[in-house]
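Shared between the two complexes below is chain A, which has chain B as its partner in the first and chain C in the second.
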Partner chain A sequence: MEKRIRPSKTGLFAIELLAAAGVFVLCAAICVGVFARAEVMSRESEMRSRAVNAARNAAECFKASGGDLARTAALCGGTEDGGALYISYDADWLPPDAEGAARFRLSLVPAAAAGYTEAEIQVERLDLGETLLRWTVAALPEAAA
Partner chain B sequence: MSRGGQVSGLVSLAVVFIALCLCMFAVLALSTADRERTLSERTAAQAEEYYAADRAAVAWVAERRAALAGEALPEGYEEARSFPVGRTRTLEAAIRQEEGALRVVLWRTVYTGTWETDDRIEVWSGN
Partner chain C sequence: MRRGGAGTAAVLLAAVLFGAALLISLLTGVGVYRQIQARTETASGERLGMAYVSAKVHAHDAAGAVLAGSFGGGDALYLLQDLDGLEYETILYVHDGWLMELFCERGWELKPEAGQQITPAGALTVREDGGLLSLALADTEGRTQQAEIYLRSH
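Presenting the complex of A and B:
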């Protein structure tokens, strides 16, 4: 009678470990991708929320100033250039320390209208040249009284 | 059962458990990030809707002032108008003749959507 060859228990254990490790590695690879995707989404949400806050702040300063650019700049900061107001922010949405540290920029460009002043507020990301939001706000002159 | 079989079974069980935990946390993280994105988009949209309505109201005030500039309006003469802000809010604006000029006396956003009280959970009684 031929002696039946049976696989060793050590070999079966090794195969099972390899299979378990393979499954774990596959699962981990998928989950790491999902975690990375969640992180990207979270950063985009934070960026959008910060842009809205900055734009809202600038809009309210503009309205409180009655549409006057100089008074708007005095209220919310920034620099006037060519009839527009520019406010720069770093990666943490704070005033940048150095010239090249600006990551985001808010621009407020006023335009005269009949009896009031309009302004286009735009927040853009400088490194990608991407516009995060664009609003048009209006201010009555009496607000500055 | 031999000791080797017990160990291999435990290892497989641990790997399956860790993989399940990893998947669960990944799903939770993605779900939370998706809700955060939805909230930020909705906040941005609501702000944009408000300023669009605000702009329309400002234009209306300026237009009424220009239209009534040459008229002798009685003291207390008032006009009001509502401007929709999205689907659930309205910006109410009113101007009144005071001291020879049409001044803004009302500028508020009110909620006009349907709202049903949910008193299943007592959030705060005021005490």
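Presenting the complex of A and C:
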């Protein structure tokens, strides 16, 4: 006569618990992924917002200077190099304290156009070599008068 | 009997581990959510005041209508406008931890408390040089946001 094995209550509970834990682990893995993505997106959003602010300030200085690079540098800081203006920022979007602490760089490259001066403003994230934004602005020479 | 006891202990341990994992993941989620919320709030708070001032400046950008001055013991921005032959001014300044706005007829001597509260702010710095308006608005925690605004009317 065949002997039937009857599962104990503890065994059944353990199986139920393991099944619940499995479902939970799956949900938790999805949630952690979503949380991590949300955190990254939040940081990226803040970074892009600050990049836009920096670029807008540089553009306004460029317009106020009538397209003159030296005057733009005097107004918004930065260094002129090879006909372009470079402004460095640290991780908090402040001027870096030390050489090598720069995390972002704004470049403003002017180009003469008929009756006005055009410039391309670009903000880069240096550690990833990623371009955060690229704008073209124009300044009228009489603005600086 | 002993086997049954060991099995119960193992199940209890699994239940405790399950509960602990649940708690940890909940706390992690709450922590991340709080961080994101705080960052969003800080960023929007920082932006709101400056965006408000910038929009006001652009709206009043006419020849001689945007002036840097002082009011209530600190820097202030004066935006002038002519309505039915009378000159009015909108004064933007920081008073008692708030960015304030006061609209009145030009020349009226009102107290800083008379203005309307816009958003919490710590200090406002206004400079005007050759058509470029430099604004710095600090929040109540000392974080400063700067904006350069080129006055098209200059």
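By our rule, the second predicted complex is superposed on the first by the 139 of 145 C-alpha atoms of A that agree within 3 Å, B and C clash if a C-alpha of one lies under 4 Å from a C-alpha of the other, contacts with A are read in each partner's own complex, and residues count from 1 in each chain.
Following the convention adopted for this analysis, a residue touches a chain if its C-beta (ideal position, glycine included) is under 8 Å from a C-beta of that chain, and two chains touch if they have at least 3 such contacts.
Please read these numbers as outputs of a predicted model, since none were measured by experiment.
Partners chain B and chain C, once the complexes are superposed on chain A, both fit on it without clashing. Legend: residue contacts after superposition of the two complexes on their common chain; A:38 is shown touching both chain B and chain C.
Shared-chain residue A:11: touches chain C; no touch with chain B. Once the two complexes are overlaid on the shared chain, A:61 sits against chain C while remaining clear of chain B.
Using the contact criterion defined above for the overlaid structures, shared-chain residue A:76 touches chain C, although it does not reach chain B. Contacts of A:52 after superposition on the shared chain: chain B is touched, whereas chain C is not.
In the superposition on chain A, contact is made by A:21 with both chain B and chain C. Here chain B and chain C are compared by how many residues of chain A each touches, and B touches more.
When the two complexes are overlaid on their common chain A, residue A:118 makes contact with chain B while staying clear of chain C. In the superposed model, A:109 lies in contact with neither chain B nor chain C. Figure legend note: chain B and chain C, brought together by superposition on chain A, show a least Cα distance of 6 Å. Overlap of the chain B and chain C interfaces on chain A comprises residues 10, 13, 17, 20-21, 24, 28, 31, 35, 38-39, 42, 45-46, 49, 56, 63.
Touching chain A in their complex are the following residues of chain B: 2, 4-5, 7-8, 11-12, 15-16, 18-19, 22-23, 25-27, 29-30, 32-34, 36-37, 39-41, 43-44, 47-48, 51-52, 54-55, 58-59, 61-63, 65-66, 103-104. Residues of chain A touching chain B in their complex: 9-10, 12-13, 16-17, 20-21, 23-24, 27-28, 30-31, 34-35, 37-39, 41-42, 44-46, 48-49, 51-52, 55-56, 59, 63, 113-116, 118, 133, 135-140, 142. Of all the residues in chain C, the ones that touch chain A in their complex are 4, 7-8, 10-11, 14-15, 18, 21-22, 25, 28-29, 32-33, 35-36, 39-40, 43, 47, 129-132, 145-150, 154. For chain A in complex with chain C, the touching residues are 8, 10-11, 13-14, 17-18, 20-21, 24-25, 28, 31-32, 35-36, 38-39, 42-43, 45-46, 49, 53, 56-57, 60-61, 63-64, 75-76, 143-144.
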